[in-house]
Structure formats: C-alpha cells, structure tokens
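In what follows, chain A forms one complex with chain B and a second complex with chain C.
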Partner chain A sequence: MKLELGYVQIKDIVFGNESKISNGVLTVDKAPIEALAKEDDRIKSVTIDIAKPGESVRITPVKDVIEPRCKVEGDCDIFPGTIGSVKMAGFGKTHVCKGMAVVTAGKIVGFQEGIIDMKGPGADYTPFSKLLNLVCVFEPVDGLKQHDYEEAVRFAGFKIAKYIGELSKDVKPDSTETFEVCDFKENMEKFKGLPRVGYVHMLQSQGLLHDTYVYGVDAKKILPTLMYPTEVFDGAIVSGNCVSACDKNPTYVHMNNPVVVDLFKHHGKEINFCAHIITNENVYLADKQRSSNFTAKLCEMLALDAVIITEEGFGNPDADLIMNCTKIEKKGIKTVLVTDEYAGRDGGSQSLADADPLGNACVTGGNANEVVVLPKLDKVIGTLDYVNKIAGGNENSMRPDGTIEIEIQAITGATSEVGFNKLTATY
Partner chain B sequence: MKYIIITNNPLVKEKYVDKEVEFSDVSYQEILQSVKNKIALGHKILTHPLSGSVKPKETPYKSIMISKERASVDLESIDIIENAIITASKFVERRDKWTPRVLEDFKLVDFTLIDSAMGSVS
Partner chain C sequence: MSKLRVVHYINQFFAGIGGEEKADTPAELRVGEVLGPGMALKANFGDNAEIVATIICGDSYFAENMDKAKEQIIGWVKEQNPDVFIAGPAFNAGRYGTACGAICEAVQNKLNIPVVTGMYIENPGADMYKNKVYVFPTKDSAAGMREAAPVLAKFALKLGNHEKIGSSKVEGFMEGKRINFFAEKRGSERAVEMLLKKIKGEKFETEYPMPEFDKVPPNPAIKDITKATIALCTSGGIVPKGNPDHIESSNALKYGEYDITGVMELTSDKYETAHGGYDPVYANERPDRVLPVDVMRDLEKEGKIGKLHNKFYTTVGNGTAVASAKKYAAEYAQKLKADGVDAVIMTST
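For the complex of A and B:
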C-alpha cells in the first residue's frame, strides 16, 4: 500500500476575484472563504490577510496552522472524520500546497495563544515564519463560550485549508514523494534482520482546549492503537489544542510529523519502521496507567527493538512520558524520548516535572523559559492586547518603545516536541 | 470511586454543588501543600497536580481530585505531589493583577481540566 504526496510549490499569494493556483501563484478570492467561515453561525466575521516571510508583520494570538492538501486518489477526503467522511486515510495520491499555510487566529483563551513574527529574532524561533501565511482572524458572536469559539474556529480552519487545497487538484505537482507501507507478515519477511523500530506518538488530551482528534474522535477517549504512518499525511490527526504555543503540535505539524518523515527515510535501510502507535495524555491517573500499560504491551506484541517517544505539552504529560518510557524499557525495548524543557530562565533548573534513570536517551527541543526581546514590527495581524498576559509574558513584556520581552514559550512552535524546529542542545 | 476535589477555583465550587468539593481561598502552592497533607493522612491522588499546560504561578487556580477513602499512605501519590511542588517552585511568580477576563479564562481552563477527569471516575 502506498501514498504518493505531490508537492505543488506555492511561490506567492495574492488576493483576486477568482481563487486559483497558476504558475505557483495562489490567488485568493476572499468571498468564498468568508462564506465558509460564516456557515457556522457562531462566527460573526473573519478578517483575511497575507503574511510573507521577511515582512515586518506579527501574527497573534495564533490558534492553529494548517497545510492545505487535497486527495487526488484514494478512499478518504482530507481531514477524515473531522470534516471528511470517516474513511481510511494514508493511501492513494494527495496534493500538498507546499510553502504556505492557513493560520487561524482569535482571542479564544486570552492568555495562551502564540506569536508568529515574520521578521527579526522572533522569526528565527518559529518554523512558520518561513511560510506564506494566509491568516484568518475570527470574531465570535457576542457571548460565545470559549469551547464553542474554539470548535468553530477549528472547523473553519479545516474547511478553508481544504478549499485552498482543492485548488491544487488539477495542478501538476513540482515534485512527488512516495511512502510505502506493508502489512505485518510482509513487513516481517521483507525487512528481516533490520532492527524493528516503532514510534510512540503522545497526543495532547487533557481536556477542553487541550485536545487532539483522531479521525474526529477526541483522543482522550481512545486506548493506544496502531496507525499506518502515512495516515497523518492526510490529516487523520488534527489539533484542537489552544494552549502552550511553543510545544503544541499545530495541525500542520501533525501533517508533516518529522519523526514519521525521518523514520521513513531510514526505513528499509538501517531500520524497519514497523509501528506508529498513538496514545494520550489524560489528567486522570488511572487513565495514564492504563494507556501506558497498553502502549508498552503493543510494543512488546510487535516485537519492537526500539521506539522513539514524543510528548506534547508540559507538566502532566511529563508523567505520561516517563510512564511510557519506563514500562517500555522494562520490556527490554530501547527508548529515545523527544521533549522540551522548562528549565528556568537561566536553564539551570530541572527540565521536566518527572524523570527516571531509564530515560537515559533524550532529545530536547529547547528551553521554553529562555527570554528573547522581540522588536516592534510595523504591522500586527490580530491583536497585541494579550501580549502582557500570554504564557511567557508578564506585566512588563510590552515595553514603552514597542519592543516585547518574552519567554520563547509564547512563540508558536519554538520548542516543538516532535522536532519541527531547529532548537536543541548537545551534552 | 468516591472522591473529594481540593480547589481554590470558585468556578469549580459553583459548578459542582452536588459533588464533594473542599474550597479554600488560598494560593496554587497552598493547594499543592494541602493535597500533600491529605496524602499523608492516607488519601490517594487521582488527577495529576500539574494538569494543563498552563504553567504553575501563571494561573492562580488549581483543582485536584483525591480519593475520599483513606488507606495506608500511597507512595506513588507522595512521589507525584512532591515532584509537583518542586516543579511549581521553579516558576517566576506573577505579581501583576490579572484582568477579570483573564481570571475568568483561568478559572474555566482549570474547571475543564478537572471536568475531563469526571468521565474517567468509575
């Protein structure tokens, strides 16, 4: 079974009277996008803007970043179970609008959404400053509760990304890449002798506004299960997470999960990448124990030699990370953990809320408490009303000269715990 | 399982009138400490004290579920609460006054976190 990704490189975005992709230029007619947003009567209005790399633009508060894609061949629609029908993803052909994203913004929870700077030092900390961003700022109807606002913006973002993605359907991709997966028996025979490597993918699931959806199902309600690793490329996992800007996985990151992409690169050569296991990070301790037991059991049943475990979030998820690590290690399976750190402003404090000597191979995505000063930029898409209040900011964050002193935890994607950024440390 | 919610969040008290809630108007750190004292008396911790990616000392509110029943001291609970107290102490205290809107948001997020555990209590 295989999935071919066809990359349609987007070189510029402009507004016009007819939405289309021609010679790498995406022309966007605002009217159908506004209509899509307003299909949901919880949305009062949407403001659509374009932010390009290098422009003096700050986008905040950012909710999600989504890559427009389109199914060209295969059973499912993009974002299956979420806005597409519940059919299996991960095979056939999918077109990808590369080099761009739909960014959704809105003041859903006043203190937790992130910042994307398109220029200056802040831009270096976010992977999304390198993209052409079609930014949609959503205003809710009066009196709308946060969780309804979040849901409305989440769905509007996917519909808009799908609309843009479909413009690429008849465009010849600039390049293609094929990912092949096989069933258990064929995998055992074909890659005999190679170390069996799995990916334990922890999904944020602590509660309303901290959620992830798998084929439309709230991940807190799942037991750990197996995916074909290609399924994420069709949007089988999407973000509903509004908190922890620096280390949450926006939908764009789920669709481009770098652990999956890199394991595929080595698959069939040095390793046999034979399992993508998803699990959750619930707040109830018995749920944590049950999920980590099941995750370790799946690793054992699949006779894995090693796994990479990635986390999403901080604090409570550190407990899940360590439970997964220790239980899998005790089965005789090697683990490598990918996380980030809250090691204090000087980097000298303990990095995680939990630790164990068995977690002896760890990759960090950076220290979220690191402080940066962001210069004043010419244009703000969204609002700066919350900069003093967002995580990583304080009452002095907004300085009189317009610069912002802030911890990098406020920057979207700065310390990605799946490694979708450049920050790390070597010991 | 019968449980008690230890909280300093007025919204939790307001929403859970039919549940056993011990509300006190104290700090985040004092809530952790009070849960530690309860564990020493034999209660078991049922939800993770650092739930939520809202960092300690950024939010003033914390709600933690513990067992109503008491048994011998649960070492895992002790471990979890002590680690949480150490972790929380690392964060820089926010001394500025939150606006009412932000306080409402913090109350809501803390409530939704504890509420997400409700589906799991058997």
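For the complex of A and C:
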C-alpha cells in the first residue's frame, strides 16, 4: 500500500476576491473562511491575518497550527473521523500546501496558549516562524465555557485548513514523495534480517483540555493500538489540547510526525520500520498501568527489536514514559526516549518527574523553564493581554518597555517531544 | 573600555588572619584591598578587571551565623556594585566550600550579580551548590591555586561581560545545570541515530542521564485521628480570589499561606485557582473540589477528626521545579510543626 504526498510549494499568501493557488501564490478570500467559522454558533467572529517569516509580528495566544492538505486519490478523507468520513486513511495521493500553515488563536483558557514570533530570538525557538501563516483569531460568544470554546476553534481550524488544502487539488505538485507500507506477512518476508523497529507514540490524554483525537475518538478512551505509519499524514491524529505551548504537538506536527518521517528514511536499509503503536497518557494509575502493559505486549507480539518512545506534555505523563520504557526494556526490546525537561529557570533542578536507569538512551528537546527576553515587535496578531498568565509567564513578563521576559515554555513548539525542533540541553 | 569591578570572598585562613583558632572571625569588608588568592586573580585579570573589595569571614562564624553573615555580606556587595562576584577557591576545606556556595547563591539570587566559585570535587559544598551556581573543580589543596586562578579569572571576565555561557563540557565547571542549545539535527533524527547505535551495540551518549530518586518513607499512622489537627495543603493552585500573592500559573516561584479561620467552605466569590495546567471551570465553580474545606468541616463537626488547621498552604504544581517544591515544603513543614499540626492532606489536581 502506498501514499504519495504531492508538495505544492506556497511562496506567498495575499488576500483577494477569489480563493486560489496560482504560481505558488495563495490568494485568500476572507468571506468563505468567515462563513466556515460562523457555521458554529459558538463563534461570534473571526479576524483573519497573514504573518510572514522575518516580519516584525507576534502571534498570541496561539492554540493550534494546521497544515492544509487535500486528498486527490484514494477513498478516504483528510482529518478522518474528525471532519472527514471515518474511512481508513493513509493511502492514495494527498496534496500538501508546503511552506504555510493555518494558525488558530484566541483566549481559549487564558493559560496554555502560545506565542509565535516571526522575527528575533523568539522566532529561533519556534519552528512555525519559518512558515507563511494564515492566522485566524476567534472570538467566542459571551459566556462560553473554555472547553466549548476549544472545541469550536478546533473544528473551525480543521475546516479552514481543509478549505485551503482543497485549493491545491488541481495544482501540479512541485515535488512528490512516496511512502510504502505492507501487511505483517509481506513485511516479515520482504525485510527479513533487518532489525524490527517500532514507534511508540504517546498521545496527550490527561483530559480537561488535554486531549488528542484519533479518527475522531478521544485518545483517553483507546487501548494502545496499531496504525500504518502513513495514516498520520492524512490527519488521522489531531490536537485538541492546551498543554504548555512548547511541548504539545500541534496538528501540523502530527501531520508531519518527524519520528515517522525519519524512521521511513532508514526503512528497508538499516531497519525494518514495521509498527506505529499509539498509546495514551491518562491520569489514573490503573489506566497508566493498563496502557503501558498493552504497549509492551504489542511490542512483544510484533517481535520488535527496538522502539522510539515519544512523550507529549510533562509531569504526570513522565510516569507513563517511564512505565513504557521499563516494561518494554524488560522484554529485551531496546528503547530510545524523546522528552523535554523542566529543570527550573537556573537549569539546576531535576528535569523529569519520574526516571529509571533503564531509560539510558534519551533525547531531550531542551529545558522549557529557560528564560528569554523577547523584543517588542511592531505588530501583534491576537492580544498581549494573556502574556503574564500563560504557562511560562509571570506577573512581570510584560515589561513597561514592551519587551517580554518569559520562559520558552510559552513559545509554540520550542521543546517538541517528537523531535520536530533542534533545541536540546546538556550539562 | 573600563575595568570590570570584582568583589572577592575569602575565609580567615586565606586572608592571613589565622587557622582554625581564628575561624570565629566575624565578616569584614576591606575596600580597595587584594588579599591572598586575590593576588593570583589580579595577575590574571591584567587590565580587564580589578578587585575593588575583599570580604573576609571566618568559616565557623559563617556556619554559625549564616543568616546574619549573609545579610551583612549582601549589603556590602550591593554597595560595591560589582560586575562579578568570586568566592574562594575553597579547595578541600569543607566549611569554606559550603560558605563559598551559600554566599554565591545569595549574591546571585538577591542581587542578580553573576558569581563563580571553585573547590575540590569532593568538597561537600560542591554537591550542595553545583546545580545552583558555577563551581569549577580545583585540586584538593592550595597548591592548586596556580591552575585555578587563570580558569576562575577567565570565566569571571566572561560572566562580567555578559558573554553567552556554554555547557559544563565547553566551559569546564562542574556538571549540575542543564543548558539549552540548538543542535545541528532535529530531535527525531538524533533519536533515530541513537537507536541505530543502540541496536548495533555501538557506544552512544544519552542527552539526559536519568537520576535515581530519593524515596521518602511514610510516617507511622496517626494513633487517634479524632484528636488530631489536620491541615490541608495543595499543589492545585487554590488561592483567595484575585490571587493576591500572584502565584505563577506554571513553574511557581512562591507558595501562599492563607487563613481559613471560620471559613466553612470555599465559594467561587472568594476563592479560585491560579493553576495553569488544567481546565479551571470546575475548580473555580467550587474550589472545595481541589481543597476540600467543606468535607473537613463536616468531619470536624462530626468529631471524626480533632480539628482542621486554620491555615492552608498552596502553590501551583504545574511545571514547577522539584527543587522549588522541595524548598517550599521544607519551609512550611516547619510552620505546620510549630503550629502543632499532626497530619497533612496534600491534594493535587
């Protein structure tokens, strides 16, 4: 089974009277986007803006970042089970609007939204400063509770990304890339002798605005299961969470899961990348034990030799990370963990809430408590009203001269725990 | 360029006052004087920096009067307004090493002035302070001064000039602080490369060596709960409405102490959560859900517990450094003990 991704390079975004993609320029008509947002009567209004790399622009409070994609072949949809039909995805042909993203913003919780700077030191920390961003700031109707607001913005974001993605349907891609997967039997025969490698992908599912959805199912409610690694490329996993901005996986990151992409690069050569196992990070002890038992069991059943385990979030999920690691290692399967750290502002504190000597191969996305000073930028998309309150800020973050002193925790994607970013830490 | 201003801290021995018999020498400030190891630092500074004052304190005096000595020294350092503060090096002198670490930490945290010290790796001060301040390894005796002076002087200049500080491997100080940097490859690629090495049985280097945790054994059970005074504490961020002490929504830099004398339940008009790690709707609707004052008052009325302590201690657990949490608890545990509290119910979220 194959999935071909056709990359349509977007070189610029402009507003106009008719939405289209022509010669790499995306023209956006605001009216249909506003109409899509207002299909949900919980949304009062949406403001649409464009932020380009290198511009003196700060976007905040950022909720999600989404890559516009569109199915051109294959009987399945983008964002299956969420806004698309629930058919199995991950095969056929998909067009990708490369070099851009839809960024959703709004004061959802007032706590765990992020900052994307398009220029300056903040831009170095966020991978999304390198994209042309179509930013949608959503105002809720009065009195809307946070979780309803989150849901409304989540769906509006996907609808808008799908709408933009569909503009690429008849555009010839600038380049293509093909990912091939096969069934268990064929896989065993075809790649005989290569180490069998899996990806244990932990999904944020602590609940209360810390949720991830798989084909529309709340990941809290799943037992660990298997996916073809290509399914994420069609948006099978989407973000619905408001975990600290630095280490949550925005939907964009799920759609471009870097561990999947980088394991594919070695597949059929040094390794046989044969399993994408998804599991959750529920808060009850019994759930943690059950899910880690199932995950270790799946690794064993699939006769894996080694796995990469990635975490999402911090603190409580550190316990899931260590349970997964120790149980899988004890089955004789080698692990590499990807996490980030909360080592305090001075870097002197213990980095994780749980640890075990079996976790002897660990990649870190850096210390999220590091403090940076972000310069004043010329334009703000959204509002600075929540900078002192979001995770990573404090009462003095907004300084009188317009600069912001804040932990990188507040910067969207800064310490990615699926290894989407280059930041790391050392002693 | 003007010379950087340096204040140097040494003990009575290196100041030439005397050995153990003079260890009770009180703290003193000598403006314009350069003493003992300061001479070696001065030689290495050349025209780039000058020691504007030397502070001397006896090791026993410092250990026995720590708060007073620190306050006094902080005051003097503040007056001198240096660009950088150097303590020691302490080599293998245990109390001196601890004093160097403690005074460096205080100057760094209270005055926001960069600090550096040096000592032998087995000096107890090294383990206590290497994760708080820059501690350079030295030999175990003063014979190591010749090697230590250029290292400390060079690093002090770097600090004083606000240059970017690299990792312990690059700079040479003891491992203790995590330092961020941008790698050449993204994390996923590094993970795949590490995995390939681990599979092949080749040598690989973890980016985060996992610590082994200290375990705290639980105290014995309360003998008679109907007579016990029980306190409520929380990392769930419950605070009086408006968060009067501005406890941070993540990585809290403080904890709060609030009186609940006569408070029968926590209502939404008077209390709320400051916690940034969960949907606050249910906690704000009824803060008792996180800090169950209502249930404790019922138990009190029914005689099932002695009484509910009249103060609660609260902070935000979300992303808060373990070292901070440990510090807050150590501090308010003493207050609880002093108030005769027998047991604590600690709620999280």
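The rule is short, and it goes like this: the second predicted complex is superposed on the first by the 424 of 427 C-alpha atoms of A that agree within 3 Å, B and C clash if a C-alpha of one lies under 4 Å from a C-alpha of the other, contacts with A are read in each partner's own complex, and residues count from 1 in each chain.
Assume contacts are C-beta pairs under 8 Å (C-beta built on N, C-alpha and C of every residue); 3 or more make two chains touch, one makes a residue touch a chain.
In this text, all values refer to a predicted model and were calculated from it rather than measured experimentally.
A.B. asks: For the combined arrangement obtained by superposing on chain A, do chain B and chain C clash, or do they fit?
C.D. replies: In the arrangement built by aligning on chain A, the partners chain C and chain B clash.
A.B. asks: Go through the superposed model and pick first if A:C362 touches only chain B, second if only chain C, both, or neither.
C.D. replies: Only chain C is touched by A:C362; chain B is not.
A.B. asks: Between chain B and chain C, whom does A:G315 touch in the aligned arrangement: first, second, both, or neither?
C.D. replies: Touch partners of A:G315: chain B and chain C.
A.B. asks: Is A:P32 in contact with chain B, with chain C, with both, or with neither (first, second, both, neither)?
C.D. replies: neither
A.B. asks: After lining up the shared chain so the two structures overlap, which partner does A:G16 touch, if you call chain B first and chain C second: first, second, both or neither?
C.D. replies: Touch status of A:G16: no partner.
A.B. asks: Determine, under the contact definition given at the top, whether A:V259 touches first (chain B), second (chain C), both, or neither.
C.D. replies: second
A.B. asks: With both complexes superposed on chain A, which partner does A:R345 reach: first (chain B), second (chain C), both or neither?
C.D. replies: Both partners, chain B and chain C.
A.B. asks: Quick one: is A:A286 in contact with chain B, with chain C, with both, or with neither? Answer first, second, both or neither.
C.D. replies: first
A.B. asks: First (chain B), second (chain C), both or neither: which does A:L208 touch?
C.D. replies: both
A.B. asks: Have a look at where A:G402 lands relative to chain B and chain C in the superposition and call it first, second, both or neither.
C.D. replies: In the superposition, A:G402 touches no partner, neither chain B nor chain C.
A.B. asks: Which parts of chain A are in contact with chain B and also with chain C?
C.D. replies: Looking at chain A, the two contact sets intersect at 109, 111-112, 146-147, 206, 208-210, 244, 314-315, 342, 344-345, 349-350, 353-354, 389, 391, 394-395, 409.
A.B. asks: Given the complex with chain B, which residues does chain A contribute to the contact?
C.D. replies: That would be residues 109-112, 146-147, 204, 206-210, 220-221, 243-244, 247-248, 282-288, 313-319, 342, 344-345, 349-350, 353-354, 388-389, 391, 394-395, 409 of chain A.
A.B. asks: Inside the complex, what are the residues of chain C that reach chain A?
C.D. replies: So the residues of chain C in touch with chain A come to 131-132, 167-169, 175-192, 194-196, 198-199, 204, 206-213, 246, 248-251, 253, 276-282, 317-324.
A.B. asks: With touch defined as at the start, can you tell me which chain B residues reach chain A in the complex?
C.D. replies: 45-48, 50-56, 58, 65, 80, 83-84, 86-87, 90-92, 94-96, 98-99, 101-102, 105-106, 108-109, 112-117, 119-121
A.B. asks: Going by the contact rule at the top, pick out the chain A residues touching chain C in the complex.
C.D. replies: Within the complex, chain A contacts chain C at residues 109, 111-112, 124, 145-147, 195, 197, 206, 208-210, 244, 258-259, 261-263, 265-266, 270-271, 305-306, 308, 314-315, 334, 336, 338-339, 341-357, 359-370, 389-395, 407-409, 416-427.
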